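What follows is a single structure, and I will ask about it in a moment.
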Amino acid sequence: MINKTVSNVKEACQGIKDSMTFMLGGFGLSGIPENSIAELVRLNVKDVTCISNNAGVDDFGLGLLLQKKQIRKMISSYVGENAEFERQMLSGELEVELIPQGTLAQRCQAAQSGIPAFYTPAGYGTEVAEGKESREFHGKMHLLEKAFEADFAFVKAWKGDAAGNLVFKGSARNFNPNMCGAAKITVAEVEELVPVGTLDPNQIHIPGIFVQRIFQGDKYEKRIEQLTVRKRD
Amino acid sequence: MALSKEQIAQRIAKEVKDGYFVNLGIGIPTLVANFVQKDIEVDFQSENGVLGMGPFPFEGEEDPDLINAGKQTITTLPGAAFVDSAMSFSMIRGQHVDLTILGAMEVSQNGDIANWKIPGKMVKGMGGAMDLVASAENIIVAMMHTNRAGASKLLKDCTLPLTGVNCVKKIVSNLAVMSIENNSFRLLERAPGVSVEEIKNATEGNLIIEGDIPEMIF
Amino acid sequence: MINKTVSNVKEACQGIKDSMTFMLGGFGLSGIPENSIAELVRLNVKDVTCISNNAGVDDFGLGLLLQKKQIRKMISSYVGENAEFERQMLSGELEVELIPQGTLAQRCQAAQSGIPAFYTPAGYGTEVAEGKESREFHGKMHLLEKAFEADFAFVKAWKGDAAGNLVFKGSARNFNPNMCGAAKITVAEVEELVPVGTLDPNQIHIPGIFVQRIFQGDKYEKRIEQLTVRKRD
Amino acid sequence: MALSKEQIAQRIAKEVKDGYFVNLGIGIPTLVANFVQKDIEVDFQSENGVLGMGPFPFEGEEDPDLINAGKQTITTLPGAAFVDSAMSFSMIRGQHVDLTILGAMEVSQNGDIANWKIPGKMVKGMGGAMDLVASAENIIVAMMHTNRAGASKLLKDCTLPLTGVNCVKKIVSNLAVMSIENNSFRLLERAPGVSVEEIKNATEGNLIIEGDIPEMIF
């Protein structure tokens, strides 16, 4: 078994430089790599491109990097709920590429899988199609979309082991598995690092071959964006 | 009288059939779940990776690792499954989801839809909407017939950036139920007490009116 | 929860006709849909096309359909270990399309995912490339490969529930998950049909939306093709 | 003297480095696992969906649901994981596997390889070999230098249907270790007691011989 553990987030982030491209897992604030984001803020790395479905909120998630103006470009599918984001985008400080959510997921998955390009119907006939090749399959138009290229992928899992095997929980799974192995280096932070051999080999969502560095996060705030409950009768 | 948002959802719920996997967009579509007949089996899919969504949690039972595509805390029902985003969109792009219900800012008479961007004003992003409208065989749009200024949102051509082309099949507005046919809106049902004339006046696109147009039944 | 159970393999195979295209899971004899294959033999369906990594052995797996000359065409990556297969192929009775194993898996996966076509480097410069478009990405040549189209997919899982949720075991997983939802109708046979709600929603390999019919197989022979053991000291 | 199959495997094992994920083909490559240094960590991948393969099972402990790509019963080591075929080839095609070791019927001086088909005679199929050779950055071929009739299998051009083009980087035969360089085989090491002349005679393709060629050390 090849050991992928690093002792902490600092070690996990070694080699990070300005102007790099990062992938970050999470949907809204659910399943985001909180500890890695905090370290990126601390490192004050600049001019980065972030591939992430959302951009956090003003004071959490990727919003923390936006506040410090560390991000040059965001590649996302949905960026509502973030006033600072909107300000930077409308003022032209921040470059934003909005792409369909399924295309975002599949471009990560393609990078993991060594598929350089694929066709999808999403976005045909819209702004998203501008500058892209289109082609008909089964009487329906599709766009040619390419695999992402990134330097680091930061993902967050529920449990993991020293081999880098990962298990996710609930809807906090989202983009995290698809980003593993989709960048040159994948950094996985987990809520709980368990001894090798305790995860059932049938029940590992992402095997360690897709992960270069793994560590247990110091703490998780796991903020809820839209608390919605029903009354008990 | 024009329908309330709840009534739009209630009317749309009648389109939800036994055995359907359904994706509900944010806003009015989310309300549809409340009105689905109790005697049929329907599974709700959320594009962030949930199949088999249940109602909102009781206070104190919310889980930050369990949300829907609107980022609201949810629960799941027995038989539910969690998947990653790529597999979630395999369900959508692969046409395994039977019915997609979503909101719109504008719909045109050829079935184009615009619901993700108002240039220079509102840029939140398309989320999963472009995948949904490009893939689904069966799309119902829930929307207001006119904007606050009274201008029609059912147009000859959309003026806003498109989400998808030639994809909308059915529309339930606060005034009417319509299908898209032959580059036109075909009027199928009127909201209770709303006249054909009112609907005609509120519709900029071609409107096909044939025979008696019945009132909606809930 | 939408109920996908059928009472037996007969019901599961309703609608099967001559000249259809089937996908069948399994690698070698591991994880093959034994009960469905037996029913296809019994139904004596003819002129079928089978998409399956292997073709079984002379007296088990797809070999049983070959014996009865039910198969018109095989689409596989490896067909060794089958004398009757070789005879039919060399005599021209059986049409055989051999394709790279990863391409086979991805063409199933693409069909499941609504991706009509994708690029892969496998097979470039070989017989496999004949008649296919090629294109350079990152200085390397790739082939355009298309999603499969099939009428029925027959898969075998370890456990499943009435919702059609599936869990696989060991290397018997192989192509089975990738074929689910990749044909018009997916028939899943399982060793054990468990009550709905007993499978952990975090640990379901294939959610029921990709499965149309599910049943518990009567029995499983699970033949071993290459028994290989080591001596105890 | 020419190497035995075990010795070829033993020599190749020296190319396996700490931290490598390795895919072993059927035949001689399978034997490599027996000779990997004990003090390094290596994970074996099998393209039917196993990461972290262990030794063959003890008699009576075999499991039909646990085989390798050669359909042999196997075991797994702690930290192992099972995946589906698509994900298994994500490991391969996505270049996450560090080293691929496979057999060949023919290799040409530009790195083409043929190992899946003898027209009209042997048609077993390519299995995962085409994906492996098209994707891997690091491919070592284990092969006999000549066929039974004594004819070279290291050629100017392959005569058999190709498995991949320009992909082989290194060859360990029963006579020599060679790399592919400048459209030639570069002789790196001789089998113990085998002369450069013997290797030259057994090699149809261009053979670069520069300086003293050392004997292999095991």
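Order as written gives the chain letters A, B, C and D; numbering starts at 1 within each chain.
Note that in this section a residue touches a chain if its C-beta (ideal position, glycine included) is under 8 Å from a C-beta of that chain, and two chains touch if they have at least 3 such contacts.
Only a predicted model underlies this, so the values are computations on that prediction, with no experimental measurement involved.
Colleague: Specify the chain most distant from chain A by Cα centroid.
Modeller: Chain centre farthest from chain A's centre: D.
Colleague: Name the chain pair with more contacting C-beta pairs, choosing from A-D and A-B.
Modeller: A-B
Colleague: Could you work out how far the Cα centre of chain A sits from that of chain C, in whole Å?
Modeller: Taking the mean C-alpha position of each chain, the two centres sit 32 Å apart.
Colleague: Distance-wise, how many Å sit between the C-alpha centres of chain A and chain D, to the nearest whole number?
Modeller: Chain A and chain D have C-alpha centres separated by 36 Å.
Colleague: Taking each chain's centre as the mean of its CA atoms, how far is chain C from chain D in angstrom?
Modeller: Taking the average C-alpha coordinate of chain C and of chain D, the gap between them is 28 Å.
Colleague: Would you please write down the residue numbers of chain B that are in contact with two or more other chains?
Modeller: Counting only residues that touch two or more other chains, chain B contributes 82-83, 86, 89, 92-93, 135.
Colleague: Could you check chain A for residues that touch two or more other chains and list them?
Modeller: 106, 113-115, 120-121, 168-170, 173, 201-202
Colleague: So which chains end up touching which?
Modeller: A-B, A-C, A-D, B-C, C-D
Colleague: Can you tell me which positions in chain C touch chain A when the two form their complex?
Modeller: Its residues touching chain A are 106, 110, 113-121, 137-138, 142, 146, 167-170, 173, 201-203.
Colleague: Which bits of chain D are touching chain A when the two form their complex?
Modeller: 19, 21, 41-43, 45, 51-52, 76-83, 86-87, 89-97, 135
Colleague: Which bits of chain C are touching chain D when the two form their complex?
Modeller: That would be residues 27-31, 53, 76-81, 86, 89-90, 96, 98-106, 108-109, 120-128, 158, 168-178, 205, 222-232 of chain C.
Colleague: Which residues of chain A touch chain D in the complex?
Modeller: Against chain D, the touching part of chain A is residues 1-3, 111-115, 161-163, 165, 181, 196-197, 201-202, 204, 207-210.
Colleague: Touching chain C in the complex: which residues of chain D?
Modeller: Touching chain C from chain D are residues 46-50, 55-74, 82-86, 88-89, 92-93, 112, 117, 120, 123-131, 134-135, 161-166.
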